[in-house]
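Next come two complexes built around subunit A: one with subunit B, the other with subunit C.
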Partner chain A sequence: MSALTFTLKQRTDQRVDMSPLVSQKMVDMELPEIGAIELQNGKSKVRVDQLFKISGSDAQNIVIENSFGKLDFIGRELGGGNIRVEGDVGAYLGMGMKSGTIEVTGNTDIYPACEMANGVLTINGNAGDFLAGALPGNRQGMKGGTVIVKGNVGDRAGDHMRRGVLLIEGNVGDYCGSRMVAGTIAVLGETGRYLGYAMNRGTLLLWNKPQLSVGFNDCGSHTLAFLPMLLASFKKFNSKFSEIDIFNRVQRYGGDVSAKGRGEILLKL
Partner chain B sequence: MIINGVTIDETFAEAFPMNATRVIITAHTAQWAYNSAKAMAGFATSVIGCGCEADIERILEPSETPDGRPGVAVMLFAMGGKGLRKQVETRAGQCVLTSPTSALFSGIDGGTRIPLGKNLRYFGDGFQTSKVINDKRYWRIPVMDGEFLVEETTGQVEAIGGGNLLVLAKSEIDALNACEKAVEAMRKIPNVILPFPGGVVRSGSKVGSKYKALGASTNDAFCPTLKGVTKTELSQDVESVMEIVIDGLTEDDIKKAMRVGVDTFCSIGAYNGVTRISAGNYGGKLGPHHFHLREIMA
Partner chain C sequence: MLTKLTGGIVYDPANGVNGKQQDIFIEDGRIIKKPSKDAKVDKEYKIKDKVVMAGAIDLHTHIGGGKGNIARMLMPENHRLDAVAHTDITRAGTGHAMPSTFTTGYRYAEMGYTAAFEPAVLPVNARQAHMEMADVPILDKGGYVMLGSDDYLLRMMTAKKDQQAINDYVAWTIRAAQGVGIKVVNAGGISAFKFNQRKLDLDEKNSHYDVSPREILKSLATAVKELGIKHPLHVHGSNLGIPGNIETTLNSIEGVEGLPMHLTHVQFHSYGTEGDFKFSSGAAQIAEAVNKNKNISLDVGQIMFGQTVTASGDNMRQYANHGFARPNKWVCMDIECDAGCGLLPFKYRDQNFVNALQWAIGLEIFLLVDDPWRIFLTTDHPNGAPFTSYPHLIRLLMDKSFRNDMLATLHPEAQKMTTLASIDREYSLEEIAILTRAGAAKITGLVNRGALGDGDWADITVYTENKDREKMFSKPDFVFKNGELVVKKGKIEKVTWGTTHVVRPDYDASVEKNLEKYFSRYMTMKMGNFKISDDELTEDGRGSITVHPTVGGKV
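And then the complex of A and B:
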């Protein structure tokens, strides 16, 4: 079976809610039924076959071609299977995703991996603000799984993040790890200002020296036994993180003491 | 059945269902991993008086351990899940947490998950943190030498305890030499432990006693000094009897270890003082697992 492929015919002026197009909802549908699904497009509804040329039949492997930055909620609450997106995507990529994989060749708008629960989400371009964050008003962001970003990330990455791993190959903006509850954010590039702002628990693992906030205190250099295991677990991903040298020596900064203060910034030595 | 002059009795070892787990202790050096493992497996010869039976299963190369450091695999056996859980947590807390540079991991995937570091983490007084790596949760507990890393749970599986061999020899030294060689060979078999000191027991017991308070007492039928005053199992040329007790994960594991043990005794032979090989049982009424010596050697 070939992948169920949606090729965008033309870009819309208004944003499109792509949340119905996930494997678990289309697995028993014939192509005409899939084509008849209505997507929210601004204030109106639009049929899938009006927006996309549809081909293939394997709903466990979905491809979205010619994607652009107004296709929101791609892979929302994905319950298995794989989605590959060629091009940019809009906001809320992989929101509440429960399992499976999503790969985007381009960039994403805000809130990618928002409240994601499990699975692997790969962004080959840049990710917008609030990567793996919580919806406004909610207290827990990403709850599990792995997000790989090969480009740069905007502000507030990991805001309210609860569990899981963010692997960021590029740079991150300000407030990375803000209000973090737990989990791990690893950054190969540079980090912005207010790193770990109001962070409660969790780990920010860095390769480059950050601009530290006043809420973080130096705990000295240490050999940590869990690090080689954590780093080895990255080997299975298609990422620069699979090529890094395993190490266990880090400088540890504890904070943010203005919050619970049990978080840590680990800087590779 | 006689091999190399050694008579193999037509009898069987009677064994019992137990619950077991394996844990892996790692440390900065193999010696420090061993120190911790030795403590964890200490005072664990018999469930009757120790709460569990435990021993070092084998030494692990760094390539075989979760954190890539030198390690030791320890197996613990107890009569029930509740007893095993208590022994594992107590021994992890007193013998591994306390040991410099140590880390502690589950050595059994699957099975019923029982706490390893799940409750031990509270030693961290709120400073403990966890990391989930490859779907397993580990606890990082701050201690005075750095951090103690411990996996949250280990796997409890059904197992068998009480497999045994009796070696009857012409002298105490002959029995001891034979047992030392057999233990060395049997400890190479995976999934089994020999929980007694050096793997050997000299005080085999029978069920019951003339004293009402005691449930077990010396196995007078195999005591050489009582040959003339009790209903003995020993011939005149037997001056010493020693036992090797085997706990294992499966019947096959115990059979393999017993076979290796009998083979070793037989290769030593009657010329070097080994006259008979027997096994301990209770008439087949107590334990469901029966290991017939001649079937094992067939």
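And then the complex of A and C:
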């Protein structure tokens, strides 16, 4: 069976809610039925076959071609299977995703991996603000799974993050790890200002010296036995993180004391 | 324009009509007796064998005032689950626990309600509360002005000012804040919280003012009586939610010494300390006391299972309960030394012993209080449950087997602690009409509302008889507001705007002399700005004011 492929015919002026196009909702559908699904487009509704050329049949492997930055909610609450997106995507990529994989070749808008629960999400371009964050007002962001970003990330990465791993190959913006409950964020590039702002628990693993905020205290250099295991667990991903040298020596900074203060920033020595 | 409703079965307890088939004529927004023979009927609704009642009145529901907005801000996740799209005549909004103002009006009307009263209007926030209620379509509204923890009153009581001075202050405040009644919340306790007291029993003194809740209740209840305000002092008692608070509630009943008093959301004040979990039902004792003391009326504050938000002026008790907030976020605040405010999202769960027993206690109170004219149907929206659960509650009251089926699914220990299963009473349609219409209009002092007699305003609800009372009461066939058809088959047909009910007892104008000084020295606004003029409620072109008489007073 070939992958179920949606090729965008032309770009819309208004944003499109793509949440119905996930494997678990289309698994028993014939192509005409899928074409008849209505998507919210701005304030009107539009049929899938008006927007996309549809081919293939395997709902477990979905490909979205010609994608652009107004396709929101791709892979929302994905329950399994793979989604590959060629091009940019809109906001809320993989929101609440439960399992499976999503790979995007381009960039994303805000809130990628928002409240994601499990699975692997790979962004080959840049990710927008609030990567792996919580919806406004909610208390917990990403709750599990792995997010790999090969480009740069906007502000507030890991806001309210609860569990899981963010692997960022590029730079991150300001407020990385803000209000973090727990989880791990690893950044190969540079970090912005207010790193770990109001962080409760969790780990920020860095390769470059950050600009520390006043809520963090130097706890000295350490040899941590868990680091080689953690780093080895990244080997399985298609990412620069699978090629890094294993190390166990880090400088540790604890904070943010303006919040619970049990978070840590680990800087490779 | 003459409208005729033909052939309905009318339940109008205010006029002693109980299930009689009769026609109703409406002219110029009011119900009239049979018109003269040559009068032409412009519009006739054939409603043969359908149940006709006055529009329902909710006398205790939090639909206005700052806490509503804080609740909305606090719970965006609750709105996301219940987005309401606009139609050609209605506006968009969000719903569930604390709906947007427009959605509140539409949903109430779609259940056959035509009036709702906000029970916690802080005088200093009254303007905002009225503005917010001005955005609630269709419904009539009104507010109970909250006193009892305000600095000015407590200072007066510390200084042992005479009752007349307090009466003047109360009358002045209800006029300035455009209220229809006086409410007291945890008398003196909201203030005491700010002086680091974390509980305040009925006879415990507020440490700063040296005044006890009992004295405040007595003083305010006397003021309400002497001023002739028809709605009795609306009391949210001390010690809300604490096991054993039944004693406090019974003492409060005894403490007002026969003065009229309305105990609100009594379910939260009827807890004993028996049983393995030291939490038990005090419903039987409350009902006995209420049956015996004819000066007491009450509304229940029934809880329903599911997500809601508790919104209360009682910051002392809200603070004490903040650990139960679910989702875990909450707000407690002081409001300009006038009162306080506490909000915490709450999820009542049927497999939780305490919640399950709370549910049963509320129903026990409903079923054990004999006089339907002194008990009212509320969930203390949104504290016990959103108001949209009323039809379900009505079914629980009217259908014993349904009630017992529901009971059987609850936490087993809670089932053992309640006598609910052994209570055979089922409410009749007439009694429901009393609880939600005639009685509610009477206790709030409304003239020509909640009744279907000659000269009454034509607020009318028409239901199709259905054994499943939940279905019946959730979707009326027709709802008329002031004679205009506003709801058809449970959907909004036309959007109108209700009036604001107020009372205006007399007071000695010299009361302003001291108040002016006080406002200038201590408050964030001048006295002149504190007073809400009639124009503010009416100048938008859709609001209006209806002044109701005081006992022995003129309008």
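The criterion applied here is as follows: the second predicted complex is superposed on the first by the 269 of 269 C-alpha atoms of A that agree within 3 Å, B and C clash if a C-alpha of one lies under 4 Å from a C-alpha of the other, contacts with A are read in each partner's own complex, and residues count from 1 in each chain.
Note that a contact is a pair of C-beta atoms (placed from the backbone, for glycine too) under 8 Å apart; a residue touches a chain by one contact, two chains touch by 3 or more.
Predicted model only: the values in this text are computed from it and were never measured.
Student: Mind checking subunit B and subunit C on superposed subunit A, clash or fit?
Tutor: Because the two structures are overlaid on the shared chain, the partners are seen to fit without clashing.
Student: Mind working out whether A:Arg262 is in touch with subunit B, subunit C, both or neither, as first, second, both or neither?
Tutor: The answer is first: A:Arg262 touches subunit B but not subunit C.
Student: In the overlay, work out which of subunit B or subunit C sits against more residues of subunit A.
Tutor: For subunit A, the partner with the higher number of touched residues is B.
Student: Which partner does A:Gly220 contact after superposing on A: first (subunit B), second (subunit C), both, neither?
Tutor: A:Gly220 sits against neither subunit B nor subunit C.
Student: Of the partners subunit B and subunit C, which touch A:Pro32 in the superposed model: first, second, both, neither?
Tutor: A:Pro32: touches no partner chain.
Student: Counting only touches as set out at the top, which of subunit B and subunit C does A:Thr184 meet: first, second, both, neither?
Tutor: A:Thr184 contacts subunit B only, not subunit C.
Student: What is the contact status of A:Arg139 with respect to subunit B (first) and subunit C (second): first, second, both, or neither?
Tutor: second
Student: Which angle, in steps of 10°, is spanned at subunit A by subunit B and subunit C when each chain is reduced to its C-alpha centre?
Tutor: The three centres form an angle at subunit A of 100 degrees.
Student: Quick check for you: in the superposed arrangement, does A:Thr203 touch first (subunit B), second (subunit C), both or neither?
Tutor: The answer is first: A:Thr203 touches subunit B but not subunit C.
Student: After the superposition on A, what does A:Met229 contact: first (subunit B), second (subunit C), both or neither?
Tutor: It touches subunit B, and subunit C stays clear.
Student: Please work out how little space separates the C-alpha atoms of subunit B and subunit C at their nearest point after superposition, in whole Å.
Tutor: Least C-alpha distance: 20 Å.
Student: Just to be sure I follow: which residues of subunit A are touched by subunit B in one complex and then by subunit C in the other one?
Tutor: none
Student: Taking the touch rule as given, give the residues of subunit A at its contact with subunit B in the complex, in rising order.
Tutor: Residues in contact with subunit B: 144, 163, 182, 184, 201, 203, 222-226, 228-230, 232-233, 262, 264.
Student: Given the complex with subunit A, which residues does subunit B contribute to the contact?
Tutor: Touching subunit A from subunit B are residues 66-69, 103, 126-127, 129-134, 138, 140, 146-147, 149.
Student: Within their complex, state which residues of subunit A touch subunit C.
Tutor: Spelled out, the residues of subunit A in touch with subunit C are 135-139.
Student: For a test of understanding, state which residues of subunit C touch subunit A in their complex under the given definition.
Tutor: By the definition above, subunit C touches subunit A via 73-77, 80, 327-329.
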